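I have placed the structure first, in the form of structure tokens, so that the comments after it can refer back to it.
Labels run A, B, C and D following the written order; every chain starts at residue 1.
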Amino acid sequence: MKVSPARVWRARGSRYRLEGSRCRDCGFTFYPPKPACPKCGSRNVERVQLPPRGRVVTWAVQYTVPEGFRSRAPIVAAIIELENGVRVLGTIVDVDPSEIRDGMTVEAQLRRVAEDGDEGLIVYGLKFVPAPRG
Amino acid sequence: MKVSPARVWRARGSRYRLEGSRCRDCGFTFYPPKPACPKCGSRNVERVQLPPRGRVVTWAVQYTVPEGFRSRAPIVAAIIELENGVRVLGTIVDVDPSEIRDGMTVEAQLRRVAEDGDEGLIVYGLKFVPAPRG
Amino acid sequence: MRRVFVVGVGMTRVGRRFDKGLGELAAEAIFRAIDDARGARPEALVVGNMMASSLFNQDNLGALVADYAGLRGVAAYHVEAACGSGGHAVVAGYSLVASGLYDVVLVVGVEKMCDYPTSVVTAALAQAADAEHELVYGISFPSLNALVMRLYMKTFGASREALAQWPVRMHEYGSRNPYAQLRFRISVDDVVRSPVIADPIRLLDSSPIGDGAAALVLASEDVARKLSDTPVEVAGVGMATDSVDLSSRMDLLDAPSVRLAAEKAYRMARVSPRDIDVAEVHDAFTVTGLLCLEALGFVERGKAWKEFADGRFGPGDKPSVNLSGGLKARGHPVGATGVYQVAEIAMQLRGDFPGVKAGSPSIGLAANFGGVATQTSVVVLRR
Amino acid sequence: MRRVFVVGVGMTRVGRRFDKGLGELAAEAIFRAIDDARGARPEALVVGNMMASSLFNQDNLGALVADYAGLRGVAAYHVEAACGSGGHAVVAGYSLVASGLYDVVLVVGVEKMCDYPTSVVTAALAQAADAEHELVYGISFPSLNALVMRLYMKTFGASREALAQWPVRMHEYGSRNPYAQLRFRISVDDVVRSPVIADPIRLLDSSPIGDGAAALVLASEDVARKLSDTPVEVAGVGMATDSVDLSSRMDLLDAPSVRLAAEKAYRMARVSPRDIDVAEVHDAFTVTGLLCLEALGFVERGKAWKEFADGRFGPGDKPSVNLSGGLKARGHPVGATGVYQVAEIAMQLRGDFPGVKAGSPSIGLAANFGGVATQTSVVVLRR
């Protein structure tokens, strides 16, 4: 994908720090952050920090990957339900895909996620890893 | 731009050999070739070879170029009226842009026109050069 | 509201069409639709397409297709709704006639996907996802659907073998449709042993990559009579959306955009799901076909897999579903698919569909979406 | 045909908006338009945009914008007609209301161009040209317009200095428009000495690169009265096309797509060019502004440069042209521009345009095209 410093900078809250939005009217909290509430339409929303830990709701092990991601295949995509109930679509790394289980606890960490060719910007973002017990 | 062997192959008639279309109903001849006549809408069209020589109708000397064409700047774009009256938009090379004149005679030659990055396909096509007198 | 009719249809067989570019391929379908409508002269053109920009660096697509089809001068624009571009183009074309702006409008869907390697097409398809929060991680479009499939199977207790019935039946139908890309039969075993694309989605759960174009001539009531002996009425249309990102979906096993679009179309056509005789639904993947059947109201939530595996929704059933072979076997040239569907339903209602026939249907439906049911159009047709 | 009214408008100032992505920027304009229409609740959304696919890998744009604006669920699609996407989106939105499908429809144009270096934006803009026969040679969009400009000057005897009057006047107007990107005055000397982009086009003959979004709320007659005290009627709309490639144009100094689109819009509104009080025309480059004036019937072929340089088309003239500053100074966030134009004309007719005013106009016009007049939309508004 095309990358630019402004584009990467804009996503810093959601992609580096797992920020979402919370609706002050109906209380709905969601990810990624948006200027209005998807549930009630209110514009009275605020940025909130989401908890980094959650449990796997469903996952996919992806062998066919888009151009530029060949070195990362297979990619494990998953829906994670964070500790406050907010769901986040992300990838799980540092685990053998066959060991992923329903309800498995994972934790977000900042990682390298993509490069804009050999000489372009490097994009960072959150990936989920199996959480240490406790 | 993205290039593929099929895409390059499809354009071989128009880009390597200056083929156009001629309408068998109204006689209109045009470039690039199309499956129907732009003038009367007839589908009764045939591929025709266009003459390689023509005269400059109007031109532009382009200093700001799209990504991937930096080494070719400035690019001279021109509308050429071929000897049979058909107009073709193309580029003129092998000439100092300041020497281009209205009505100047030019001739199509097969040249390298673009590359798909450092390791991709090379695209060939026709460029116009000042025609030798005679 | 002016009544609007389908008076001509035209399709190309889906497959590898290295011989034609976007303009030429679209023109091929357009010529057939115009001939089918007794040489109708369209005043406007709506082009459905997803990937001309990302794969061919070509915008201004409405004008390009108009010119290549010998229609230079007509009104034109291009509608994008990812894999749902075709169906949304049909609704846009409908509104151009229903509004009274034009009497004869051409709708064409066109897509070329075979020129490039799978990884490039996978990247282009992923543009249906959220670029900033999904595509950026290398998550593919099949992968998003695989998340839903795994959840569907777990939640509703559907077995891998039961789900495989979908592609098996689609290939059966596709083998008899001359416009289908995949004209061979497969077994449950073939499905469950086919290569894994994004586990649990296997190759044979997924629609193939293909080039294709399909076109419709739409006309107002008085003009329709002159252009066709068998005009098919566009009795209802609906569109609706959901989030692009899957993170903030309220319920991954619901497809509210399908539900809402269908409600609007049913209401407008004054029909209920029980009235539909024949339907084409969006089975880009096995699971999306099932979700469509449920969200369209043909079967209860969580039960489509069972009823389909038990043999329902075949020819003569109410409705019979995807007799074209569906996206799975007819093929899924993404931005063209929604137009193929409407063309197929129109032919079923006229009685001249060249594949498996629905009997003598009088009401049909086409449901097409972009993304994972991210934006849906539903079109109800009546004989 | 149901009557359709503009009941709300919203714009962002054109410029560098590094703070917002496509969804957020579109939402900003949408919120303003909805507030202007007394909190109207749109049932459908049409998004005009050219470059989300080529610069941001984002398709499914209708759904994305709907969700970011708190409108999840509404009907939505994305209209592309290159730099004319916005105007075509307005016509599409018009037809959704006029057809009776929806009573309240939001139209938004959005474009983000400032994130990337000029060479990348130049490549994306070149997608308005023929990819196989123009873009492949590295020919840029300014270059195509430069071909026309040189021919115009030679054929009609227009001097470089006379043409420079266009940008000079646009900057004068733009300096008084709070939504304009370029709010400073320039002289003829500044124009003729500005850097050459594609000779004879110089930097100050060309519209700038900018981010922006503009939105309209359209409503049917009965609803319009509830949402606005000053509804402005969409009295006529028209669209038309020409070839994408310049090679096969019949006459490079004619703009038949503008002419045909205008004829349709005039006929529908039952007006003639002489009735237009205020207009916004597509001056992506100086020469396209002049061609518009001629093709719209405001002045004879070949004479626009002279009459404009002599001072015609100013405030109070019939029509007064581009009081916003036009694409040249208000800015040209390509897929949004056509929506800006209609919003500006609506405000002129309501009397609340915050820049140079046209007096008390009653009929206005907006002309927007993609490519070199490749596909044009014309909208006639009436107070």
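Some points to look at:
The rule is short, and it goes like this: contacts are C-beta pairs under 8 Å (C-beta built on N, C-alpha and C of every residue); 3 or more make two chains touch, one makes a residue touch a chain.
Model, not experiment: these values are computed from the prediction.
Set side by side, A-C and A-D show the greater C-beta contact count at A-C. For chain D, the chain whose average C-alpha position is most distant is A.
Inter-chain centre distance (chain A to chain B, centres taken as mean C-alpha positions): 48 Å. Remark: chain C and chain D have CA centroids separated by 33 Å (rounded to whole angstrom). Rounded to a whole number, the gap between the C-alpha centres of chain A and chain D is 38 angstrom. Shown for chain D are the residues in touch with two or more other chains, namely 21, 56-57, 67, 71-72, 120, 123, 126, 130-132, 135, 243, 248. Among the residues of chain A, those touching two or more other chains are numbered 1, 7, 11, 34, 38. Taken chain by chain, the contacts fit none of the simple shapes, being neither an open path, a ring, a star, nor a full set of pairwise contacts. Residues 117-120, 122-123, 126, 130-140, 142-144, 146-148, 150-151, 154, 195-201, 243, 245-250, 252 of chain D are the ones that touch chain B when the two sit in their complex. Note for the complex: chain C touches chain D at residues 1-2, 21, 44, 50, 53-54, 56-64, 66-67, 71-82, 88, 91-92, 94-96, 98-101, 123, 126-132, 135, 237-244, 248, 256-257, 260-261, 264, 370-371, 374-375.
Looking at the complex, you find that chain B touches chain D at residues 1, 7, 11, 14-15, 30-32, 34, 38-39, 57-70, 72, 75, 77-79, 87-91, 97, 102, 113-114, 123, 125, 127.
Across the interface of their complex, chain B is touched by residues 18-21, 23-24, 27-28, 31, 55-57, 67-72, 114-116, 120 of chain C.
Residues of chain A touching chain D in their complex: 1-2, 4, 6-7, 9-11, 34-38, 40-43.
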